[in-house]
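Naming follows writing order (A, B, C, D, E and F), and every chain is counted from residue 1.
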């Protein structure tokens, strides 16, 4: 018998949402997949909720009857302020209000390495290090980390904030060789976050078991996450097609990679990949 | 010759803004006082800027020709989300954007004890402790602390975030006996923040030299702030008219005081003093 | 040739003593098994010592001719004060006095998770964290941890204090899934403690290699303990027969589990399992 | 109006108890002075309780009708085990049981530097450092520090454990020049411990404002203790009559002073000053 | 295509230099092997540089056209001051000056456990612990660790300082059972140091994956070093031929082993193995 | 009666040596003043020792019959390598060898802020922070800090390494406003270092009680140093004649000030003030 009645997955049409849908299926009787557009590939165990996170009433309504939320919706890269504000800041507030009003027990939130992107690699920070966002995107992650702390301390809703590094089908650049989080490990990490006996308010980094480790995740050991993958199988290919990194470039020096080099997203000339 | 050409003070009509106007006068050739309504008491060294912080263009315009900002505007207590969002989150973003566009060198921001209000007194936290807001108000303080970190790391604008405890004419309850920041000390703290040779991004607690100390401000010693006042002259009167605190109440246990006991500000039944 | 001449095992008739008898046999020419009643299953390498730990002279006599002690005797669960006092506090003092008078080199002591049972799981404490006992039983463990520190600093007797979590034939409840110490790993841990080249005064947590880790044992890495077991083979069965834990219950929140919920053992109404 | 109804002072006939009787008089309507012999100098605000701490029933009875306890009774120097056991370990247990049964709110306990006497001076330990007792006396202090932690975490009785260094009429040896706690400062420290708004379970060092500082008491700043005295007025006299210390002697190297050099108190040949 | 054009290996005729020559061959188009005497076993991928490290001009000349240096030259054990001065202090200065003048990007330096040899095993120090050398040899290692920090902070030359424990063909004494660094793991460690994307100035301990771990190398996890060997295969033989260690001897107590017991190398009576 | 028989002051003709001669006179029966040239102003309590620190035999001879050394000799600013090597590295080795051969008990060494000059001001480092020298001068300070640690751990000679910031007649630039150590405070600091009961191996920062504090000297509180001066009386004059600092310049950002901007002293074009 699954642990949860109904898990809401926001951002379910996104890159990671798509792999979480089948990956978390065994944890709940029903998965409610949320997105801005109708889904054309619903599985029997799924039901859909179509709404925009910036719509408070709709968002709160979508959390009804759920007992856990996997909140991966909102902006997924650096974006103009208005997008960050509506999708990530206001949208996440709506999610937490839904959780409070509808008695949700636990939320797993897709925070990001960009919440602490301006820390140096050699600093080997732990999960308790002060925030150093590398973008408005990162600032919005700090906002939700703070908001979720309040909702735990005051309203008793547990949260795990996952500072995901680079979760892609495979590593495609040199930085990915240490920041890679395989899709399977991503599912393992979210599953661990949903099933750990007690999380209170926990912040965890999210990476596979890559050789080069740039942060210390000891503080999240109670999640029980054990990565099974690593970037070594992709190393030769990546190194063959990309030059050796410049250790002094901002992209190599700081955890956040090229986000640290981005200009302001509201500037016309800002380059956002 | 003053160090600054023109300092913008937001929230200049507020409780603390009002005492900062004369207190900081010697630091700049001109003080630009900002508020939502015209000022009827402008001094010769002052000029006014009347606008609402939620108005991005107006806010940015108000920062022109300034080289420092003392940002004390926005919500001053726990408030409904929409107020927090418009006045404190959006408003502060507008301030930092003004700073970026107009070459402001340094910003002194009125953060608050409520940014870390859910830490226990006995924990004796330092300025680097993880955030634990006690209210939406506190969450908005964390947002600006994060935003200002970004604007330092990426755009080179220095900030001092002052986690002000209780700055009132005098202590009026038992908690104030340790949380009191006298108006004169408040001015000293902001002046130190404006004149310290280097602040980068600094977080500092803001209290007078009260006997009971509940946090460790060592990490901000480079500001050069030396409080001259304390709550002892008021102790007898306060103790005479208020009962001894209950050590187990949330208000006594946590740094944030009664904010920790407030309900959600968006609930109709929420009590907001 | 074994490292020790004669190892005294107290509590040798107990749950763990019983598995340590054969498990440590290869480390000494002779194992002296101690208990309150005669043993009817002595092996050729064993000799018995029958006495009550509260009897100072008898306890000291039992340590003669030994060069190491594995002190697992005394109360094994929360107990009335008089029991804790006689068996655990006075009894352990007698053991250390025997060690001092008879030149014992090293003692391995069965401390317990209950010595630090009121720390929160998310705190991820290390072995140096301040004590927070969850019971009189835990207080007595702190007493011996302190006493053994004195006997090292002043009298040069090495001690390893093992804060054993849950050492049972197999995990039987949800908490055991992270607190489990298999019998084989328990033997490994005691063996490592006896054979490590230098321990001085070392405190170590004692768990198998379970997925969920709730403490940080880095500070005891010089013992050379490598757990080989974990609770995963038992997970399905345990989860099938026990409900999901309530993250807010004292039992789930704190390391000590249900000990944190026990009343005072001297109260008639106290429930002691 | 005093904060407390009735404060029980144990060890009221001792060196420090004698100065605490008048020193704390203003804090309670009634001071109950406890000792093993009748008092012949009772003041109008005082009442006596004559009993031996090793007598559980009598001790519990003596705590009735009190709302705070200043527990300075028990052995005051290194002593034979039986004395430590009866007066300090069993006696303190009886006090805490009295507190639990009679609803006492707060206990101020005379712990001692000897609870951490084997830490080196250069280590500059804080109040959270692991225990390193230098004597059975010190071990008994650790016992009560642990016991009082339990009674806070489980039974909600607040405690302040004061690790008093050297409280004498005046410094009489070189070590006292840094370990001195004047009688007036001792009273200030206990008063602060009784009146601080929240102490939970707090450990504090107890010294005057001597020039040489050997520990870091930052962790107890919420007590509001401000020493007013120091050892300088006595320096010339002390230095004139005592030789310069040998930096390598145990007495100078460790916080505990000559206690670190004492033999075992149960040995006939042990020298106990 | 190898990452480097030309790597200079100093001390190439030494015990570790000899195994690094083939071990690092794949990382550069050319390996320049440096020693005081001509090499009679040059491989096709190698070229030699024959000079004495105390000769500044020759040393600088030897670094020309290289883009990385593996600096394993200089005294390899405790030695008279004049040797330490010429070979290790002056010699290393010459190397860093060569690096500065010739644009070398990264240096891997053979520091040693003896740089922190007087730390206790139970302290479980990390790479950031204050230095505690156990010999003039160790002092010279601290000198280069400091010098290399300067050349990174001021001149932008990256360095990895490897505090190698005991790298021999196999463990030959009891201490080696925890201090052993196999030759293969030594090559892995240097290779990781040369290929990690960013090292800035990194200090790392150098050991194989031995059971007993005496230091915490978390701070160097960004090197990506994964030891594959350990001392277990040699345990039985070592234990058979050497007595159990005395936990109180300086050699067992401190990380530096017998170096801690050596007299001063400039004394005639000093024993230097 | 003074504590010492004979104190050797090296660098006695230098800026600080000159003020230490009278300042320390009361601490010893005789002050031996050392310099490279004869002194023409010897006081009755003084005797001279004329030699070059690079002369090992002469240096060792100069330490005979002394029981303490105040080692302020050697290079006093950034200098060419050969000068640093001879005067600061070799010279200090000679001093410590003299101390070892002649039974000196304690050495007070003039280290410098430049030993940790590349730490940022906001980092608020303590005395245990890893070294980050800003010059060859700073590297030589680290060398002596390491060497003195060895001579304590192995040979039992106590040392205090004083990381002096800016000790001049008065502050002359903006940085001095926080780095100033008045001459009187300098004497107080050395006196405290000579008379503290136990120093073992202690590192201390050396500044007056200036308002802006850039480091945390808590770890040296056992010296008993209490600064009496500060830079405020000079502030107005300094600020009048020097521009406000640029917070982003290396000189303002790092503790070491303009030393961080110096080129290499062996380069012809290097600017050394």
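Simple rule for what comes next: contacts are C-beta pairs under 8 Å (C-beta built on N, C-alpha and C of every residue); 3 or more make two chains touch, one makes a residue touch a chain.
Just so it is clear, the structure is predicted and the values come from calculations on it, not from any experiment.
J.: Which other chains touch chain A while also touching chain C?
T.: E
J.: Which neighbours do chain A and chain D have in common?
T.: The shared contacts of chain A and chain D, listed by label, come to B, C.
J.: Could the interface between the copies chain D and chain F be described as same, meaning over half of its residue numbers are common to both, or is it different?
T.: Different-residue interface.
J.: Between chain A and chain B, what is the gap in Å from one C-alpha centre to the other?
T.: Centre-to-centre distance between chain A and chain B: 31 Å.
J.: Mind checking the centre-to-centre distance between chain B and chain C? Centres are C-alpha means, answer in whole Å.
T.: So the centroids are 51 Å from each other.
J.: Would you please write down the residue numbers of chain C that are in contact with two or more other chains?
T.: Answer for chain C, listing residues that touch two or more other chains: 218.
J.: Which of the chains are touching one another, listed as pairs?
T.: Every pair of chains meeting the touch criterion: A-B, A-C, A-E, B-D, B-F, C-D, C-E, D-F, E-F.
J.: For a test of understanding, state which residues of chain C touch chain A in their complex under the given definition.
T.: 120-122, 124, 174-175, 177-178, 210-214, 216, 218, 244-245, 247-248, 252-253
J.: Help me check something: in the complex, which residues belonging to chain A touch chain C?
T.: The contact residues of chain A facing chain C are 3, 105-106, 156, 158, 192, 196-202, 218-219, 221-224, 226.
J.: Show me the residue ranges of chain F that touch chain E in the complex, using the header's touch definition.
T.: 81, 85, 89-90, 93, 97, 100, 118, 128, 130-136, 138-139, 142-143, 145-147, 149-150, 153-155, 260, 264, 266
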